[in-house]
Amino acid sequence: MHSLISDTSAVKFGRYGGLFVPETLVPPLAELAKAYQRLMKCEDFKEELNLALKTFAGRPTPLYYARNLSQKLGRKVYLKREDLVHGGAHKLNNTLGQALVAKKMGKTRLIAETGAGQHGVATAIVGANLGFETQVYMGEVDIERQKMNVYRMQLMGAEVIPVRSGSRTLKDAINEAMRDWASSFDHTHYLLGTAAGAHPFPSMVRDFQSVIGKEARSQILQAEGRLPDSITACVGGGSNAMGIFAPFLEDEDVRLLAVEAGGRGLGKTDRIADHGASLGLGTDGVLHGALTKILQDPYGQILESYSVAAGLDYPGVGPELAFLAEKGRVLTKIADDKTAMRGFHALSKLEGIIPALESAHAVGYALQEPEALGDLAIINISGRGDKDLATVMDYENL
Amino acid sequence: MHSLISDTSAVKFGRYGGLFVPETLVPPLAELAKAYQRLMKCEDFKEELNLALKTFAGRPTPLYYARNLSQKLGRKVYLKREDLVHGGAHKLNNTLGQALVAKKMGKTRLIAETGAGQHGVATAIVGANLGFETQVYMGEVDIERQKMNVYRMQLMGAEVIPVRSGSRTLKDAINEAMRDWASSFDHTHYLLGTAAGAHPFPSMVRDFQSVIGKEARSQILQAEGRLPDSITACVGGGSNAMGIFAPFLEDEDVRLLAVEAGGRGLGKTDRIADHGASLGLGTDGVLHGALTKILQDPYGQILESYSVAAGLDYPGVGPELAFLAEKGRVLTKIADDKTAMRGFHALSKLEGIIPALESAHAVGYALQEPEALGDLAIINISGRGDKDLATVMDYENL
Amino acid sequence: MKISEAFIAAPLLIVYICAGDPTPAATPDLVRRLAAAGADIIELGLPHSDPIADGPTIQAAAQRAIAAGMNTDVYFQVAAEADVAIPKVFMGYYNMIYARGLDRFAGDCARSGITGMIVPDLPPEEAGPLQEACAKFDVDLIFLAAPNTPAERLKMIEKETSGFLYLVARTGVTGAQSDILQSTRDLIARVPGSKPKAVGFGISTPAQAAEVIAAGADAAIVGSVCVDLIARGEVERLEQLIRDMKAAVKAAGKSKAPIVG
Amino acid sequence: MKISEAFIAAPLLIVYICAGDPTPAATPDLVRRLAAAGADIIELGLPHSDPIADGPTIQAAAQRAIAAGMNTDVYFQVAAEADVAIPKVFMGYYNMIYARGLDRFAGDCARSGITGMIVPDLPPEEAGPLQEACAKFDVDLIFLAAPNTPAERLKMIEKETSGFLYLVARTGVTGAQSDILQSTRDLIARVPGSKPKAVGFGISTPAQAAEVIAAGADAAIVGSVCVDLIARGEVERLEQLIRDMKAAVKAAGKSKAPIVG
């Protein structure tokens, strides 16, 4: 079969991944994959990206020895400080990389989906910085609950387009962005925000995010002279987790803990799951272009997910994580809303670091099952919590 | 005359500075000055501070070549990215330094004043991280307009104490903190947030903040092979300005531009100035322990100041800046609310960096008088604008 | 009826509706009325929660149908009940098929009289397993090609498709549009091989249908406009539209030699 | 009257009020009534916007006075009008003096019958210029010492002060408190030299006044409680309090030899 995708081995992770998209999207995805593979071998491109990561995004981010948290957990805990990245989360690592690729491909417009607004903000940042026209699809419901992030995007010149279809949240924003791209690809890059979706997104996003893990690896070696016993990261679509896990995949002794959103409980109704734990509780299916673990009803209709952390509120997950979880290389864990809140407060009080509610899931899990971390642990603090203050206030007034 | 202050040369900058405080505060200030001078010579202390600056605060911050802004201004402009420091502003450089000093002095409690809440947040951060009991004085009026920062402090375990005296803003919060310290000094450190106040605060805060200028100096030399023609910084009390200026003071060819808040105009009524330009429009007087430039009525009553940027809304300024401005080494400039708003929007749209409204004054000035910058300029972006979104929305709905 | 049999009478008019919209009970009768009005093939859409290839009209129909109780079990009941003499073709997203199991799904198609499947999010690269399942039950798996499909790939798709080749009239999603683009004509002209070519996405008037036939297509596919008229309860106007389009297609076909599929 | 003359009759009662509270017009008469009730020295506070050494009671008085029109010009008029036979002492913050000019301020003091100045935010280190100005107009510049003032420094302050030495009864700000601390007694005992010692900050009852005198002080200073009574309009109760305190001071003084300043 003649396919546009040359490096077909990279398309799948075991049975997961792939390219389940309308025909119209196959050529742009193939073009993207090719450009990306070419550029990643190009020294000039890598240098340009590294300069931007360093002087614009603020990399490397520190690996911080959390003295008080360590004491509380009875083991050494380091925090990878993605909360210090420009924009407030790891998201910029990926948007910078993709936007530079898009620039080299001659695209003049960026589109993106966003839920909580973090990826939208990170896209608006690179859009402004690199001179793209930028439009961000965002569910009407999310626009209502994330006004400040909407305003941030607008301040940076991005247009936020309300999505009124489906559940009017992240999943539908992705649908809408894919629909846009199906007719705009010749001048537009679709800047997907997580390590999910059709090839080459899962590989590309993982690669751009793996700067997290590369830094963490050399930082922990420098600080401790050895690799950690465990790395804990929260999982929405999987970009911060894959970013920090990837450079440790071969190190079989490093336990990789992927913490998903347990939401308000593990139940579900006809249309809505009470959580976002697609890796742990989902089943095989196709969503947004990839075969992966998803939350669905017995007929294959996608369920709405739920989490107090908007960034974990997604009924799918990246295919590589699905593969690694099935292989047992990545261990799937769940932290519910309450556990996340505990993590949120604990890190704020103990260390003076207010984590994003997403990252707070990783911290909450660590507080709940410290033994799982081993003696020397890294927790990925994927973002800062400023965006979540109103949410936490609301949650606690309930 | 036998004085507790041994190094009296450091107490004054020309005729400015000094120690105009109640007798009760003289011994604790002297103790602080001594401890500080001793510690700054101690390698262990410096190492501990540097480690915290690196792994906790996220230093060094980048010096970023702002391509689009440069193009717009017709000259090379670099931005010093203090917006990337943990907490969102340069304030942490100082609070980390002082809190470590306090720790070594055996203090167990921190008190601080705050206006917009940035210094309060930076104090709460170090309070949590280093295990202090922390109380932050904040004017009732400011508490009302900065709810999110109040909540951030509380999340990190600090108590925010409403100040109901005077104008119920920053100036009164400082008064209240000084009153507290007058009876609590034996276990409490007063963590002043800017390079103002009585000796040793102006020198100590400058020294802790001068990491900004030291980094910027070696960064610009590395990037451009020469020193800049100018450095522009906003001035509230003067800590970010002194921090970036100090390492360049001997470099006579580097123009140092101090941008103050022009507020809604340069007028004043009986009790209230319409601006915060104490350096440019103030007169000699004593406020909060130092002789400096202040805004006052003919009898010496302190005026309330005004700026859309809460961090510049202060009727005094650090004594060293008063001295340097009088000597002509620092040039005093004014950007009003509108100019700051222009700077705020321009940097957001051009570079994808939303600056603090304080920093936006420096940017706005640069847009207004680009020739003053020379061919190669550094602008200090003292903080990020997330805290200001509601303010800007309000301002623009007027 | 097998699709190939229908194409003996090409040019054809293919009509899409969303099963279950407005209610599952209404669908069989609708199918019969459309067949009676002149539809040569019926595409029966299985509604999905996340129809990424569809525009607002069909998305809305899917939401209504799901709310009205449509699911895969009901779909096959309804399809079976819609006993018409023309081919019935399944149209729907891969996850619905995957969730039921490929063999079971293809078997259910065959049992309910469906002789072809269109899966808009399943390019040939990913279609191997479903091709096998379809082969077992003698169901055609119809692939899509688009204006931006390059030549080599177009050849591959034409080779892989069975029943007919679905030419997407434009990049983007389903939905009515005002004119037939040059790129559509180019696409029709570019297709190698001899399989029947049906053009869809954006055809909503008799003139447009005639235009694609005149340009060399063997069938015109009409969808969103039908869904729209059903949503407004204007079934009689829909029947009239189908009659008009059928006439236009036939007239346009007079100028060409018929193709035997 | 010079302060030193008053101290011939030590132990003394020194009474603080805030000039202009409740109104500037009321102040001269208040001063007279306090003198009549037994005050040996009047401290007349000049209200400041930012009184960092003062607690809530005196802060509030200052705000009321400023709102009522008190300023430095009015202050000296009022002070001059308050023609009493006891010493009047200025109390206020350095910036108010600095703004007027040191010489002019000291001259205005002298002209309005003020013979001493207490400037709570002016330690001896910063006081050189004002000492010079005061010397020109024969006005005493009174320094403060506190419980946390170390021995060497206490010696220096005692040497620098003129008129008397103001001993701050406790660390912290002005305001009534419930008992006289051991540290106050220690401070009184620690002071070297022979200048009169007056204890202030927190004295509000006759018993407390007597206590500091018994502990060796030459004067007790009462402030916040007076301000408080004035704020409540209870001037007669204030007069009674002054009478009672004066009696307590005198009684406590019987047990000691008088000090000649």
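Labels for the chains are A, B, C and D, by order of writing; each one numbers its residues from 1.
Definition applied: a residue touches a chain if its C-beta (ideal position, glycine included) is under 8 Å from a C-beta of that chain, and two chains touch if they have at least 3 such contacts.
Everything numeric in this text was worked out from a predicted model, so none of it was measured.
> Shared touching chains for chain A and chain D?
Expected: B.
> Using each chain's Cα centroid, which is most distant from the centroid of chain C?
Result for max centroid distance from chain C is chain D.
> Could you please state the distance in Å, as a whole number, between where the Cα atoms of chain B are centred and where those of chain D are centred?
Chain B and chain D have C-alpha centres separated by 37 Å.
> Using CA atom averages as chain centres, what separation in Å is found between chain B and chain C?
68
> How many angstrom lie between the CA centroids of chain C and chain D, rounded to a whole number?
Here chain C and chain D have centroids separated by 98 Å.
> Can you list the chain C residues in contact with two or more other chains?
none
> Listing for chain B: what residues touch at least two other chains?
Correct list: empty.
> So how do the chains connect up here, line, ring, star, complete, or something else (other)?
line
> Under the stated contact criterion, what part of chain C meets chain A in this complex?
48-56, 59, 63, 66, 71-73, 93-100, 120-126, 143-146, 148-150, 152-153, 155-157, 160, 168, 170-173
> Within their complex, state which residues of chain B touch chain D.
1-5, 8, 11, 18-24, 26-28, 165-166, 171-172, 175, 178-179, 182-183, 185-186, 284-289, 291, 294, 296, 298-302
> Going by the contact rule at the top, pick out the chain B residues touching chain A in the complex.
54-56, 58, 61-65, 68, 81, 83-84, 86, 88, 124-129, 131, 148, 151-152, 155-157, 344-345, 348-354, 386, 389-390, 392-393
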